[in-house]
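Heads up, there are several structures right after this.
There are two complexes below, and they share subunit A, which is joined by subunit B in the first and by subunit C in the second.
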Partner chain A sequence: MNTLMTRAIQALMVAVLIGAATFAMMRALPGDAAYRIAAGRYGYDNVDTAAADAVRDELGLGGPALPAFLGWLGDLLRLDFGTSLVTGQPVIEEIGHQLGASMALAGVAVLLSLILGPPLGILAGLRPGGVLDRVLLVVSTGLKAVPQFLMALILILILSVQFRLLPAAGHGEARHFILPALALALGLAAVNARIARDAMARIGAMPFYSFAQWMGLSPRQTLWRHGLRNVSVPLLTYLGLQFVTLVEGVVVVEAVFGWPGIGHALVHAIFSRDVPMVQGTALCLGLSFVLINTLIDLVTQRIDPRRAA
Partner chain B sequence: MTDVVMIPRPAGHATRCTGGVLVAAVLIFSLIGPLAVPGDPFAQSLMKALSGAEPGAPLGYDHLGRSIFHRLAHALRLSPAIAIAAVLTAGLGGLVLGTWAAARGGWTDRILTTLADALLALPGLLLVLIVLAIVPGTALGFWAGLSLVLWVEFFRLSRAATHEVLASPAVQATRLLGFGPTYVFRTHIWPEIAPMMLTAAAFGTATAIMVIAALGFVHVGMRAPTPELGLMMVELLPYWREAPMALLSPVIATFALLLGLTLLAGSRET
Partner chain C sequence: MSLLKAEDITVSQGGTPILHPVSLHLEPGEPLVILGETGSGKSLLAQAIMGTLPRDLTARGRVALGDHLLDAARPGGFRPLWGRQIAVLPQEPWLSLDPLMRAERQVTEAHHLVRGLGAAEAQAQAASDLNHLGLTGAGQRYPHELSGGMAQRVAIAAARAGGARIVIADEPTKGLDAARRDEVADLLLAELARGGGLLVITHDLALARRIGGQMIVLREGRVVEAGATASVMSAPTQAYTRDLIAADPENWAPRKPAAAGLPILTATGLAAERGGTRLFSDLSFDLTEGRILGITGPSGCGKSTLGDVVLGLTGASAGRVEKAAGLTATAFQKLYQDPVAAFPRHQTLGRTLADVARRHGQPETRIDTLMPRLGLAPALLTRRPGAVSGGELQRLALLRLLLVRPKVIFADEPTSRLDPITQKQVIDLLCETATAEGCAIMLVSHDPALVARTADHVLSLGPAAANADVTAPRVVGALQ
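Let's look at the complex of A and B:
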């Protein structure tokens, strides 16, 4: 239960932090927020003082700071995000639309990275210092130094511009998934593979592992019964921590490929100073990090009961 | 009977040296380059747009006829300068808060740790974007936002190490001899933390450069005439067929810089 309590406090702190950050953003906007919001709503050619004043009155952009901040946090904790300043739709609905697209992309990327990374890492870890191990070290170090946007750029240039194999942008068909998911997955796979390799090499060197083989289990049986379960614990834990990297990647990759997800929405919301939208998306991302890591805590405790003690 | 499997760590020294050489090469290019071949990163001559290399512009011209060599050199000064400033601020802040939290314990420790945990749950890119919207001036915003993101790592490292060191018999003995906290920090805590801080600093610098470039690439970072790595790439992307080298030069420079920093940091314990 201690894990759950810690995570609950973390979730609360995340909400307060995001509340404070977005409130500061609202207050400290360079220029007059009312004009910007009016521009976002009515188009840049139709903004005048009257429109800006109307927006200012409607949203209560004037007034003292502290009561406004407390009210702001209260709304946030009641999960009342308000309406988007640009579209006028409730933020919850907007996020509901976009979250699905993002989760699909992130899910495919994680799956792809798990297919690519850990199996190679485990094979390398079974023979530390072997050819595969050394090649994997070089490849994964190289891949780790390529940021996701650069990976996206390289994939677009090679696969869609030069060879015209895949569409560079778009959404809706299965083939549109390949490039953005691959751009995310390669970086994740590079790290996954290293984690799996290190864990496998460590476990393979343990006495119980050699003992399993002395008992007469074949290498395959030993790996299956005694290796994989042990390797999966650090791998899962790390996967939870990587979620932040994944979200950052999703924000950038969605912007590059024009994917209609939450990251794309976030960049646009920040660009047009749509504070309720920023707040909603940021909170959604922060809380999903806490949620996923709570789940992973619980799962790893099931896999390795020694951790629960 | 001792058939201990040797787990080969990546050859520490050689790897770090390679990383150091890469980073140094990129930085020397950015600092010395414009001195060796004088030129202006903002000067346009549309006649020369996308034309190839010549003595005044060793890497050719971009789509607006500006020398890519000089733009690249300026970009390679800007991002590392912001990154290093942010890492220094974050490192100092994290070190002070981390040792303070570990030494004081109690509520100070609890509050700071909770704050750090909450920040850890937020994608750094997001925080930087929000701070960029608050702080006037893009470079200043990047510095503030990146410092806010990066201090957590330094805080956690120095807190954990200090915690461990303070509980050791050596520190107890020092205290019994009557030495003050400054002495304990200098002789016991700092030597323990210093190597970790260097690794974290290299990772932090790489992260910062990646963030600046990524936001530039999606048009929410540095603004247009400023030479910046991500911005240069996205500007030159449409001219890939006409001038592949124009696009490849910032790509290669960014990769070399990031690879160098990753190697310099060495392998992180998992």
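Let's look at the complex of A and C:
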């Protein structure tokens, strides 16, 4: 109960802070917002002073900042996210549409990273300093060091251009998932594997791990019954934090692969100064961070009763 | 026929021998105690016999276990015997149970997976084991919800569930107070009464005396003396054994009571609680220059909390602490239990001490004057905390306190991690410090003998209700 209360307060603070920060940043961007919004609405070739002025008048862009922000906050309390300045559609509908696509991509990426990273990490952690451990250290450091856009391009070059195995872009079929999900998953798995490796090495060196074997359990039984359960707690906790990396990656990877998700939408909204869209999208990402970490808290408290205290 | 026979066991590290040939045999119903200080090789001997040595150490020698003949050089051969022939009791029971698994399940899995009972039968057997050990109703608790003594019993049940007849206990009483120590000794002996074998590795003379049977005394990887425990303890033939036995607080000469100096602090009607539980109430005492106040009581009774109240680190829930006029907060200092944790790891000791001296406006020459008085070689100052022994480090910790010119030193179990001989040195120094520096010392120890022979007056704290445990006699009675 305590957890939920704390998290609810956090969610509220996140909402206010994100709203204020995005609002201030959007105001601070150079250039005339009216021109950008007009360009978003009518296309760059059709923008002229008249169109920009029309937009400015319609949206009241010249007004002072504080009332506009308080207005947004007031609407938010009524669960009204406003309408997009570009399309005129309610923000909530636009986000709802894009969020599904992003969650599917992120979900596949996390699943893929969990299949790749932790098992290798645990195997390495069982024999710290062994061959697998050393190779994994090099590979995971290397993978982590490659930025996501570069990873995406490398994968496209190798798998789509060179071997023509997979489509470089597109959306709708299962095979379209593979490249963007892999581009995200490799970076995540690199870190997952390290976390799992360190947790396994630490737990393997604990007295209870030896004691389970002295009791007569085989190494495999000890790993399954005592190792994995204990490794899962730091791993899950880290998974919650990895959400930040994931969001960052989703924005980049969606742009590279033309994936119609929330990251893609965020980039476009920023270009066309679509403040309600930016605020709505950022808020949505921020709140899902709180939500995911709350869920992970609840799950780890269930696994590890010491955390509930 | 011997249950276990080990011949010419040696252990070496990269070609350097660290345990010289030792042979031993374990008879049914007669315990064997291996006594030694830290670094004497006693744990290595046990690990060589069980095949659990760390990878970088190699053992040689032959071990006969029932019908099995094993080569100590090939630890893999021991593995199938773990739990089935040899039960190994862990040092620190709390750390030896899986923190995420309920107590009864940890016993059940040994019955099920090691002994091969069916799932339902294993569970019934585990429940009955725990009942016998006086742990009725505790099976559904997690290890952190058990007291140290209870965790020890769960670990014993789990270790023996596989059906092993030989029990090897490596420092089974580490960190336990006197009452719990006797309880563990009685439990081990009760197991022995069923016709098993028992090998106990310890540095604790009281435990050795209680276990009895045969004894091997080790020092620096060599056997110093061997024989029946009772005769070795009463009439040691070797000088080292005599020193070791003389260092047992039971055998210390009582300290001469100090003349009362100026009063430093008066506590009246103190009470404190932790997590809503009353730890102690209505405690009144005085601290005066040069005198030692001993504080004893079982773990969890509030000894450390009392120290925090006196030092002014935490408030009392009732009562008053009146300090003599003119004393600053830094006149109240604490000597910690684990000296290694009380020093910055990556600084040389000289640097740490010089920093403290400078911070408190003391000339650095005071370090040089104090060093020989505490029996410390100047060369130690160039080292880091990891590179000096525990006894030296605790004396350096005392030196660091003295740089601050304290009036009250709260020494919280200052020797519980030290060997008996080192313990005696450190306690003697602490006593001298009280007289020489004119400060009052509050000496906390779980060892009533140590406190009785050192302190001018003793404060005995009762057990806190929250930690009330099943009493030893009942448990042992249930076992027999």
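Rule of thumb we're sticking to: the second predicted complex is superposed on the first by the 287 of 309 C-alpha atoms of A that agree within 3 Å, B and C clash if a C-alpha of one lies under 4 Å from a C-alpha of the other, contacts with A are read in each partner's own complex, and residues count from 1 in each chain.
Criterion: a residue touches a chain if its C-beta (ideal position, glycine included) is under 8 Å from a C-beta of that chain, and two chains touch if they have at least 3 such contacts.
The structure presented is a predicted model; accordingly, all values stated were derived computationally and were not measured.
Student: Considering only the touch criterion stated at the top, classify A:Ala212 as touching first (subunit B), second (subunit C), both, or neither.
Tutor: Only subunit C is touched by A:Ala212; subunit B is not.
Student: Go through the superposed model and pick first if A:Gln221 touches only subunit B, second if only subunit C, both, or neither.
Tutor: second
Student: Output check: A:Leu114 vs subunit B and subunit C. Expected answer is one of first, second, both, neither. What do you get?
Tutor: After superposing on A, A:Leu114 lies clear of both subunit B and subunit C.
Student: Quick check on the superposed pair: does A:Ala20 touch subunit B, subunit C, both, or neither? Answer first, second, both or neither.
Tutor: After superposition on chain A, A:Ala20 lies in contact with neither partner.
Student: On subunit A, which partner's contacts cover more residues, subunit B's or subunit C's?
Tutor: B
Student: Could you look at A:Ile92 and tell me whether it touches subunit B, subunit C, both or neither (first, second, both, neither)?
Tutor: Neither partner.
Student: Could you tell me if A:Val299 is touching subunit B, subunit C, both of them or neither one (first, second, both, neither)?
Tutor: Touch partners of A:Val299: none, neither subunit B nor subunit C.
Student: Examine A:Leu132 and indicate which partner it touches, taking first as subunit B and second as subunit C; both and neither are also allowed.
Tutor: A:Leu132 contacts neither subunit B nor subunit C.
Student: Would you check which partner chain A:Gln10 touches, where first means subunit B only, second means subunit C only, and both and neither mean what they say?
Tutor: Only subunit B; A:Gln10 stays clear of subunit C.
Student: Which subunit A residues contact subunit B in one complex and subunit C in the other?
Tutor: none
Student: Going by the contact rule at the top, pick out the subunit A residues touching subunit C in the complex.
Tutor: These residues of subunit A touch subunit C: 206-208, 210-217, 221, 225-226, 229-230, 233, 303-306.
Student: Which residues of subunit B touch subunit A in the complex?
Tutor: Within the complex, subunit B touches subunit A at residues 4-8, 10, 114-115, 117-127, 129-136, 206, 210, 213-214, 217-218, 220, 230, 233, 237, 240-241, 247, 251, 254-255, 258-259, 261-263, 270.
Student: Hey, which residues of subunit C end up touching subunit A in the complex?
Tutor: Result: residues 50, 52, 79, 82-84, 87-88, 90-92, 95-101, 109-110, 113-114, 142, 144, 155, 158-159, 161-162, 164 of subunit C touch subunit A.
Student: What does subunit A use to touch subunit B in their complex?
Tutor: 6, 9-10, 13-14, 16-18, 21-22, 24-25, 28-30, 128-129, 133, 137, 141-142, 144-150, 153-154, 157, 161, 194-195, 198-199, 201-202, 204-205, 234, 238, 244, 247-248, 251-252, 255-256, 266-267, 270-271, 273, 278, 282, 285-286, 289-290, 293
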